[in-house]
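Both of the next two complexes hold subunit A, though its partner changes from subunit B to subunit C.
Right after this comes the complex of A and B.
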């Protein structure tokens, strides 16, 4: 089996898949904790559908670089959605449901009216579930992904303390002079970038799993913000690597295998948490 | 110039007025106590002073170079999720947040300050515990330590002793008075009228008729006499 893996590693596309997988898993887990705690778990789902719609538009317009359209559209939607989430008069969850389902339907409609290839069902399936796309990345996409991931990690580290303060108690942070609005905008923009990145790895239907599972798993075991963040980053990377390895060896789709690994990790962590609590007293 | 000066202030939510025509001022070093019945708008006033809610009318002027980052605040309720993973240390440290404008991380000074305030509140041995698993009184002390970290010039306390046992309550009042003596300006909401007239330098009474003045003036005023009598009478009966 190691021989088989070694053989696979000679192919650049397999190496690319690993690099991109690890980077995306790392980024998506970092903000997962914030999203879960701020009750924004659903936003990942909504945004991924928006990104799907934008991707369909980009495909129809035959843009050479789809990112140029998808990224700004998703960032703007993220900002708008977080805005409505703050405004008590408009139901935030309803707005998200509307936008996400609308974008999904619109995207599929466009792909149907202007088919770009003969295998429409296959195209749709791979954007929704990211079936094979991870193994077809070009060098340019890998570089872009690496740059964006490094930017996300840097932003997260530099603003870590502010993000913690705003997540724990936004009112207090605002009252004592933290620019909470700017902080929320930053969080929204970073989330959008992560979603767009993660579409390559697991497809748009499974992104939420990538963002939320590691955070929830880590919260079962640890009880400080820092340890939860670090643990969820580790878990996410481990699950992504093992998911990709299994998918190569067993020939399963990469995205759903990674998510399955995340689910398994959640089960293990829940168990560990129960045992820890049991022995704790 | 006063640290805070409110003139003809009207407060409310949505389109409903709660208080109209409030006038008062707070000078550096004052200890203002806000008293009044449930629902008279004390918390609303404090949130307006903090800039969390916009006033309906009137204005709040700040002086002596008072900035938001110099203010510490203890909210009446902090709605937190049950399973929020945050250690006591992390929460107290987050009070130092406003202190650094562009620096990304906490320095030695902030960590020292957080530790001192945890010691003051007697919670240093809890520093690695999970906040959401502590008792209400312990949580209150943690939030007070956080407020102290943020308060460089002004400390706003919304019912700081609610949920504390009598011993800690007494300690808390002593601590607040010591802080005040060290030069920190304090605005405190309290239902404990005895503590209010004992520790405060000024009293703002909110209700159907509002009263603002020094402690001595309040004790002589009709509002004050009536309220004191009602409260003390009520406590004597109970």
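Right after this comes the complex of A and C.
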């Protein structure tokens, strides 16, 4: 098996898959903690459907670079969903559901009316489930992913304190002078970027798992925000790498395998948390 | 905390720059153990399950290629998992210039198409991705030793085909093809 893996690593697209997979897993786990604590766990699903709809429009318009449409549309949708901060919680579920199913239906309808390839079902299925998308990246796409991922990580690091404040108590943060509106806008934009990137890794339908599972797994063991974030990032990267490795060795769909690894990690962390609580530590 | 942040940024930058640089050479999917005929076949995915053979030598017609007696496949897709095969074929379609002139061996499903306008027959080896919802394939052109339809496999049958990768223009489109191809039947024996 190590020989086979080394042989696979000779392929540039396998190396690209690992690099992008690690970066996307890292970014999604960092913001996943924020989303879970703000009770917006399902926003990843909603935004990924919006991205799917935007991708359909871009394909119909025969845009050379579909990201030019997908990224702005997804960012705007994220801002609309999150812009009111605490108030958005009241409308959060309904808004996400409305935008999510509407965009998905609209996107699929467009692709049926204006098909861009002979295998429409295959294209849609591949986009939704990410069976081998991560292995079909070109070098330009890898560079773009890397730049966006670095930007996301830098934003998280530089605005860490403000993000923590807005996540736990937005009202108090506002009272202490934090520009919560700007912070929420920033979080929304970053989340949108991560969702668009993560579509390459696990597909549209499974993005939520990539965002929430590492955070929830970390929360089984740790309680402080910093510990949870670090643990979440570590788990997400490990699961992404192992998922890709299993996928290319066993011939399984990459997206589903990564999510399965995330679920397994959640199970193990839940068990570890039970043991930890049981021993009273 | 600041040190942790710097270390994290450094790790990210290393990951980002690790993928830089264009790889001009397409790596060989040649499994030395399988080519040299040794007994050890370290494949989790058994290529024999696809092609029905015990060994997987590339069986390209030497007279058509380099004049040597046996030419191993430069790109042997039969030793890869289904996910890797799909990805490799995808890249062949996207960047065919990296594969032109290389001997490609692949296993899949035989498919044929008759163009009633031109009267020409087209033959392809089709592979599916892991979810079996996406299919792609490569057209192949067998050597003159094969006569259609007697020496050709049945429609939908599992085949293993090896040929020299090439492209051709037809109208506004560029198509990929395996030229001077030879085909193995389901039983593993080479046909003609």
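Everything that follows uses one rule, which is that the second predicted complex is superposed on the first by the 273 of 281 C-alpha atoms of A that agree within 3 Å, B and C clash if a C-alpha of one lies under 4 Å from a C-alpha of the other, contacts with A are read in each partner's own complex, and residues count from 1 in each chain.
Going forward, a contact is a pair of C-beta atoms (placed from the backbone, for glycine too) under 8 Å apart; a residue touches a chain by one contact, two chains touch by 3 or more.
In this text, all values refer to a predicted model and were calculated from it rather than measured experimentally.
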Combined model on subunit A: subunit C and subunit B, fit or clash: fit
First, second, both or neither for A:11, with subunit B first and subunit C second: second
Touched partner set for A:204, first subunit B, second subunit C, both or neither: neither
Subunit B or subunit C, by number of subunit A residues touched: C
Touched partner set for A:184, first subunit B, second subunit C, both or neither: neither
Touching partner for A:172 - first (subunit B), second (subunit C), both, neither: first
Inter-centroid angle subunit B-subunit A-subunit C after superposition on A [Cα, multiple of 10°]: 170
Subunit B versus subunit C as contact partner of A:37, first or second or both or neither: first
Contacts of A:100 with subunit B and subunit C, given as first, second, both or neither: neither
First (subunit B), second (subunit C), both or neither touched by A:219: first
Minimal inter-chain CA distance - subunit C and subunit B, angstrom: 8
Doubly contacted subunit A residues - partners subunit C and subunit B: 157, 160
Residues of subunit C that touch subunit A when the two form their complex: 5, 8-9, 12-13, 15-16, 18-20, 22-23, 27-29, 31, 42-45, 80-84, 86-88, 90-91, 94-95, 129-131, 133-135
Contacting residues of subunit B [partner subunit A, same complex]: 50-52, 67-69, 71-73, 75, 78, 80-81, 83-87, 89-91, 93-95, 97-98, 104-106, 128-130, 132-133, 146, 150
Touch list for subunit A against partner subunit C, complex: 1, 3-4, 7-8, 10-16, 19, 22-23, 26, 119, 121-123, 125-126, 129, 131-132, 135-136, 138-139, 142-143, 146-147, 149-150, 153-154, 157, 160, 247-254
Touching residues (chain side subunit A, partner subunit B) in the complex: 33, 37, 157-162, 164-165, 168-169, 171-178, 218-219, 222-228
